[in-house]
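The following pair of complexes shares a single chain, chain A, combined with chain B in the former and chain C in the latter.
Moving on to the complex of A and B:
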């Protein structure tokens, strides 16, 4: 009886948390399909009396939304690829090879992560101008890499420390080169770590606002975050209906990616390669 | 013709020296154990031979080729790790096939070899399983299979039995001996377990603190330990080491310590500090010129171990299980003088002294 009551209480609590967290998302979706006249009705309606996709069509056909979407996708994927490739190889080196200053190097990398990112904006902006790549998606890739890489490196480093040395040694003895041993044996073992790191980096690049605002000010390179803001939010007016539709569409890629990758996130954990 | 040789090989990790200056020549087809306590340099030696560590100085040869700069995969060796290290994401069949794949062996030949090795190791029914679905003993067979499938010149085994339970260990020991006999290949086996080394090897290399202490056949190492370390390390229960000194006695010398007095026929000089080594089975309780006090009696079934006090030092004696010894009693004993060992207490080196029992 006590356990049943406890279970009910626990479920009530859990559902309350879920509802509180999910309510803004639900409201966002509902608002995005309400016709304009229903948006500001008092008292507000929860379920739309009439469902319309006019905001979505307007967003797609009448605004540069798709261009921003393309920029964000390029930005997110490029940053993720650059960060994951460099961090995976770097973490492997920090874990497996012996060279002077190895620990110091790892600490210095972490130190750069401790700097508030605001501090780095101006130097980075000046650097981009000097390099002649200001106002491009590429400049944002570099900027995001500077703060995603240290964290990714540490995440993968601790992950790779859990992979037994013997696995790589066994592959080397079995005739693999260092690179083959890395690809055949280390990478599959590190896959859950690589996927978490990729997700972290992609979400960071997808949601970042401040750097995008400062470093880029043409529609050609603007990602969704700043693009949607500058397009729909002005000092005098906020286009709520379009903003909600844009928000729903911005959330979709992340939801899709999570749906596909979350099983990899848990798979592999706990399945140690070595008994003993 | 030596199959594997180390010449003045030294390995240092920063300021820590793992192997000091190793000279070792291992014959073709030999089963050699590298034996020693942890930290003695035996695993480092094996890893240098495998190409996983590089010697700081010296030369390593496999066959007549210097392999110092040859990558592990091209040394014609196979290695079984203490952790077995099966590739967790590959099935048993893929694990065994991996070395062949890396050598560019075609699929049909690969499958045939894997099947034949799996049959030898009784892994046939497990080929589709992943390592985590296997027991420790089965994982070890997979590791062995990965080594066997390539038909290498030299097999390196790094404490392969230490993670198995006692029963399985005895079984695998017999299987490894059988495997070595069948293949006729050179086996180099690292272990800290002297029983494994004694039962399996043609020769044992005893190592301690990065130095080779003795290299010889198991019985030779047991019968004629080269120094105090080997004497104390080989044998279970361990050899009793009783420190004393040589003193003049009449026309000759005698080994003297509290509770013991043994005339010495030849060798040594008066005043020399000498440690007497007596194996537990070479002390005969019941009669003799000396007296010991029984402290602890441990019957194990097939024999009884008695801890006795000889002149203030406890010594281990192995006796027949039917011998009844009362704790606290004083009993006379003798030693088998032909089987005594003597070592210089300062340098630890073996001394060739001939002992006799005192005339009663």
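Moving on to the complex of A and C:
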């Protein structure tokens, strides 16, 4: 790539690859703003001849979409808060305290992180039925901790291992108790890691499908993933532009995270066990 | 260390901090895991949840069931093919994004997006692309002269298997990109400079420097992705539902079908446990590697 021509050619090639990869997502956005009749044009039009937001208004006013979205938001935030609080305490304990069984416990966390949810889902289903909380958002929060908690613990543990021991030791010498040192010294240092972990946990909960499919069977508690799919299945003829509008709306939190908080995502990735 | 009252107090405090984690783990992971093993020894009718103890009957049934072996084969085929594509495209894209291209951070975001987007969204978009009448895929391939008739992408074989493998590769290759890209940034430039002085071409620099440096991270990525692809449910279930008939049915789909389609929760548990036994070898290997990496980084 010494010559200018070579450089331009490489850039063109690279961007072609990027755009081909992103094409399905670009197509989703374009389809969502085309009028219904334009979808059945042969050959298909690339740019919409006419831009319309009717599918978005229909989605909001004529379908249960907003209800699903509310459920997904409650579910995502509750899961994130519960998991991140428990995991922060747990990770701190795994990194800074010595007691018998600590290493085994850390290993077990990694093991559970790899477990397939189809193995856990049948007993969990029976458990929810037995507890009488099937078909509630609460049952999904419990189910989501099965994959979110090991993941968050492992991520936070890697972050906290990067905080030097001397910081806490200095605070202890100054007369702080261990809990004070945790709150005043460790927590501020771990904050970027906690933000990364929260984002990943929220995305995991937002995108989850299988547990929601098995455990929840009413529109009252259904999150977006199964809700939007039920719109596809129950429709007499599939309205693709409506579904694409739903897909765009469903990806909004992700787009926001990508636009403003992307550095936390890449940082979390480095810590998440793919160190090699 | 022992005998010091402060150390003992600290150990108690440490145990208290980890206690919520341990309690939740026991309730939602350990108990269900043991329970799954136990359930697999029964025949249970899902709607009434009543059943009889039949010992290893479910496993004996599965050993003689062509459907089980076909599902296992499908799972392996899907895992190997989609994983290979993920690694090849992932490494290639990482090398590409490592170079100086214009708007590099935007390019990276666009490449990473499929990985973070919900599987439901990915599947909806691809089903629209694959649509037999108005889908763009058929239109582009007809225009390019690759096919004469529109293809049935998801409803016939081998197209359905190829389609899920392709969509799986598209959805998950960014994981490889991120991991490899992070590693590439830590390879010292001096290595390349030295090789250039020795007269090594671009290809031999890749084979002799880049690949050996990437080896460790690739081993970890292959293991992790193999485990995750093996247990993939959403993507396949939503794209083909295991069809046509059972041609793309993998083991996780068989668990779901047995439990909630055929209403036999005992047999479904037996399938799930068998599936976990197959995965266990990968999981143990990964745990060993991760343990080794830990000890090295602590040194």
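Just so it is clear, the second predicted complex is superposed on the first by the 243 of 276 C-alpha atoms of A that agree within 3 Å, B and C clash if a C-alpha of one lies under 4 Å from a C-alpha of the other, contacts with A are read in each partner's own complex, and residues count from 1 in each chain.
To be clear about the criterion, contacts are C-beta pairs under 8 Å (C-beta built on N, C-alpha and C of every residue); 3 or more make two chains touch, one makes a residue touch a chain.
Keep in mind it's a predicted model, so treat the numbers as computed, not measured.
Undergrad: Would you check which partner chain A:89 touches, where first means chain B only, second means chain C only, and both and neither mean what they say?
TA: The answer is second: A:89 touches chain C but not chain B.
Undergrad: Now for A:190: first (chain B), second (chain C), both, or neither, which partner does it touch?
TA: After superposing on A, A:190 lies clear of both chain B and chain C.
Undergrad: Output check: A:128 vs chain B and chain C. Expected answer is one of first, second, both, neither. What do you get?
TA: Neither chain B nor chain C is touched by A:128.
Undergrad: With both complexes overlaid on chain A, does A:164 touch chain B (first), chain C (second), both or neither?
TA: Only chain B; A:164 stays clear of chain C.
Undergrad: A:145 in the overlay: touching chain B, chain C, both, or neither? Say first, second, both or neither.
TA: second
Undergrad: Contacts for A:245 in the overlay, against chain B (first) and chain C (second): which applies, first, second, both or neither?
TA: So A:245 meets neither chain B nor chain C here.
Undergrad: With both structures superposed, pick whichever of chain B and chain C touches the larger number of chain A residues.
TA: More residues of chain A are touched by C.
Undergrad: Where on chain A do chain B and chain C both make contact?
TA: 273-276
Undergrad: Contact residues on chain B for chain A in the complex?
TA: Listed in rising order, the residues are 47, 50-52, 71-74, 77-79, 81-89, 98-99, 102-103, 131-132, 136, 139, 143, 146, 150, 156, 163.
Undergrad: Which of the residues in chain C end up touching chain A in this complex?
TA: Counting only chain C, the residues touching chain A are 1, 7, 10-11, 13-15, 17-18, 20-22, 24-25, 28-29, 31-33, 35-36, 39, 49, 93, 96-97, 99, 101-102, 107, 109-114, 116-122, 124-126, 128-129, 131, 134, 136, 139, 143, 170, 178-179, 182-183, 216-221, 224, 227, 230-231, 233-234, 238, 251-252, 255-256, 259-260, 265, 268-269, 272-273, 275-276, 279, 283, 286-287, 290-291, 293, 297.
Undergrad: Report the residues of chain A in contact with chain C in the complex, numbered from low to high.
TA: Residues of chain A touching chain C: 1, 10-11, 14-15, 17-19, 21-22, 24-25, 27-28, 31, 39-40, 42-44, 86-87, 89-90, 92-94, 96-99, 102, 105, 107-108, 110-112, 114-124, 126-127, 129, 142-143, 145-146, 149-150, 153, 178-179, 203, 206-207, 209-210, 214, 224-225, 228-229, 232, 240, 243-244, 246-247, 250-251, 254, 257-258, 262, 265-266, 269-270, 273-276.
Undergrad: Taking the complex as given, what residues does chain A use to touch chain B?
TA: Against chain B, chain A makes touches at 164, 166-167, 169-177, 180, 184-185, 188-189, 271-276.
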